[in-house]
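Going in written order, the chains are labelled A, B and C, and every chain counts its residues from 1.
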Amino acid sequence: MARALARRAVGPRPSARLRRVLGSRTALVALLALLLLTLWWLAASQGVTGQRLLSLAVRGALLGGILALGAIGLTLIFGVLRIPNFAHGDLMTWGAYLALFGLTLLPAGPPLAPFSFGAELLVLLVLVMPLVGLTGYLLDRLVFRRLRARRAPSVILAMAALGGAFLLRSVIYLGWGADFRNFYTGRPRPAVELFAGIRVRPDQLFILGLALLLIFLVYLLLERTKMGKAMRATADNADLARISGIDTESVIRWTWLIGGGLAGAGGVMFALDTQLRPEMGWWLMLPLFSSVILGTIGHAYGALLGALVIGVVWQMSTAFLNPAYGPGVAFVVLILVLLFRPQGIFGKPGGT
Amino acid sequence: MGEASLAKSLLLALPLWFLVARALPARLPWLARAALGAAAGWAAALAVTLVVPSGLMAYLVSFAIVGSIYAVLALGLNVQWGYTGLFNIGIAAFFALGAFTSALVTTSMPSGAAAAFSQQAFGLGAPFLAGVLAAGAAAGLLALLVGGPTLRLREDYLAIATIGIAELVRLVFQNERWLANGPQPLRGIPQPLACLVRDAGCGWLPAPLAALFDPLAPRDYPYVYLAIATLFVIVVYLVLERAIRSPWGRVLRAVREDEAAAAMVGKNVARVRLQAFVVGAVIMGLGGALYAHYMIAIDYTHFDALYATFLVWVMLMLGGSGNNRGAILGAFALWGVWTGAAFVVDLARPLLAAISSDLPARGPYLRLLLIALLMLFILLYRPKGLIGEERFVSRDSQGQDG
Amino acid sequence: MALLTVEGLTTGYGEMEVLRSLSLRVEPGRIVSIIGPNGAGKSTAMKAVFGLLKPWQGSIRFGEREIGGLSPDRIVRLGMCYVPQTDNVFPSLTVEENLEMGAFVLSGPTKERKERVYELFPRLAERRRQRAGKMSGGERQMVAMGRALMLDPKLLLLDEPSAGLAPLLVDLIFEKVRDINAAGVAVLMVEQNARKSLELADHAYVLVGGSNAIDGAGRDLLGDPEVGRLYLGG
């Protein structure tokens, strides 16, 4: 404290002023823009055409939609419960595999042109989302709630989340093995041209549409319903929420149901777009956390924005980098955010 | 069996000597303890080698080697988590980096026909110890790079960043062929002291000792490696026990107990945490080197988050974090559970096959399920683990501080 | 019968005892003030009453009902609301949403209740769509009090309502407290600003070292040299 008092007497040191400037929101936005420009330049120097880059950017936006489904759930859980849900990726995987299981039960109908999936997948989507939400809620009820009651430090809760992740993954491994799977095999998935020579698959447009719809529903929930506002309130200040009479256990329950549900949808979408494998969720965790931290923890719209940025950066980097390094690029963005402005785009300055 | 037994028992005696010496009451002068420990340890080792059938013996030796490697990793994690409270989910990064560094330093560049199949960035053909040192240094350097920006952030952020590092390191070793032959395995990692089991013998060994080790055959090499591995564990353990009681260790514990108070007294909290992070990482790198020279061939799949990170965490939690003996105990205990579970799953094959024809092949995942449940169980019902945290008084405190 | 009766309350944090055998009463519709030097345990007393702290010994009764150890969300339903000293609004919610949160335990529409709060605090009515986090200290205090009033409590607990406010705002806040009380709400208030709170209070307790030192009618204590000796100054 003596040091802090001394500092106040002298005024902020130049390095502190510099950090404040570097930590401002405009600086972060400028940094991200600089990153995008760097990627563009790197790709161009490798001879990648502008058209392909634009294509990648569009694909990045689509990927961002999928990521957003996971990121919004993750940020809600992070905000309300104050734990980094390391099981979130595996909840997404769980959703995808539940849908896969469902496909074996439901009769496979003809594909809904121009998409590659049939109506049964839509039915499964509606069924899987609450199931994954329920899984998340069970995890909380059986594990986290007990730890909360014991006032365990948040690191312990994070460890429990890690344990939950491996638990889910082991169940998936047991049920389906380690091989790659697909929802549908042998169905052609041709790309169509959108505009300016950009080609996307119709499935991807559906995914983006669905992601936007779900995000809009989350928006309605958070802005218009009592429970949504209570969720935002609890994320702001859990103690005050309790003092106001808000039933925080109910808020927590809903947070898991919604967060898990979104994760399930995200998992199904990702599997539809690419394929299923047991590690897919864990593999997505890095981009998810990058999106959440970039967009400020607890901020649902921030998570959406962050996911879009991460998606675009990721896809554009594939122009000159091995696509396997995608999560690595997301990691670089994360490190940059943590270095300059750890509270994210919408956070308060000086706080984390 | 009889001829090689003497040599084998001598090699086995090393860990047993240490265990017995530690178990003896501390009131005895250390020389007495050492002598007694040596005698009793060797006697026990001899008894074991003579009595236990060689098949089972070979299994136990390999069990003990892997247990020792994990023990080293758990000790490294204990420095980071048990003593400093850092949540590192990227153990695999330091483990892998250490392993690959030691491999690259001790192997030679492939030449001739082999060069067509295997690439590596460099190969110094250096001796084992050089590889080990390089492994520790590389891991420590990575820790320095990663820890600098992230350690001053919340624990959650550190955890996330370490996940990222582990993934990144793994991706690099998977995709960069020129570096370490990824994704193909990097082979030909030399075995230290292999000359002991070869006919020619070790040139530097004096004649009477050479005669002692003469009966050993190449298939007895694991005994040699066991001695090396347990030596690593013992050295790391002793160093850490000293370190935690030193002034540096006191600051570490003070920071963990009450960071604000420690900062007020002027301790540079960030620097101490970084030091602990690096020390832990160096130890993990050493573990990596130990692993590489045991496996002879390594590739990126050996270092996935499950085996290299998650298992080590459960080991530390099981044994008791904040306790070096707990770390070692937890490592061996969980490794025992893991391998034991493999037996059980094997036995239950017919039952599994009855449920589903796919299940028997997925036996390993049943073990994973078990371990995950165990971890949750520990967190919920016995967070202290088996031994619990060590409560101790510093060597030279004598009531001066505390 | 008193609205709130505290008898022999002993409690603290961890192993540290803060309150020792504290006793006080709040009659219905009265303003009661707790004053005392720093560290005397004033805020602790309030937290114990509202269920944020478990009492070790003694009883806390709201009406006839023993409430010692009940959780805040139960107490809120009984008709007692609490305004903490700091972090007393939800910063990312608007003023209107903050008020709505105050009425969470009710299931009906909140429009009328909000209107009543806006009548009391016209400044909030103008800014109802503004994020609470962007408001000044005084406005935030009003939001916090408004939120607590949404349930028409019988007893309002205020923890240092004037803390950190400019003198003009302090007067305004105390005026509002008077208005709230005029509507029939009893107020139990912890205050650093002893003089002003004694002017307002019907009854006041001086807390020193975790237990009662003196108590009496607010205006009487103002002139009491004993109180001045204990610590007045402001």
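Convention: contacts are C-beta pairs under 8 Å (C-beta built on N, C-alpha and C of every residue); 3 or more make two chains touch, one makes a residue touch a chain.
Quick caveat: nothing in here was measured; it's all calculated off a predicted structure.
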| item | value |
| --- | --- |
| Most centrally placed chain - per-chain CA mean versus overall CA mean | A |
| Chain whose mean Cα position lies farthest from chain A | C |
| Separation of chain A from chain B, taking each centre as the mean of its C-alpha atoms, in whole Å | 35 |
| Whole-Å gap between the CA centroids of chain A and chain C | 42 |
| For chain B paired with chain C, centre-to-centre distance based on mean C-alpha positions, whole Å | 58 |
| In chain B, residues with contacts to at least two other chains | none |
| Complex interface listing, chain A residues touching chain B | 1-2, 83-84, 86, 143, 146-147, 152, 154-156, 158-160, 162-164, 166-167, 169-171, 173-174, 177, 282-283, 285-286, 289, 293, 322, 324-325, 327-328, 331, 334-335, 338-339, 342, 352 |
| Contact footprint of chain C on chain A as seen in their complex | 226, 229-230, 232-233, 235-237, 239-247 |
| Touching residues on chain C, where the partner in the complex is chain A | 50, 52, 71-73, 76-77, 82, 84, 87-93, 97-98, 100-102, 104-105, 147-148, 151 |
| Chain B residues within the chain A interface of the complex | 85, 87, 89, 149-150, 153-157, 159-161, 163-165, 167-168, 171, 174-175, 264, 305-306, 310, 313, 317, 358-359, 361-362, 365-366, 368-369, 371-373, 375-376, 379-380, 383 |
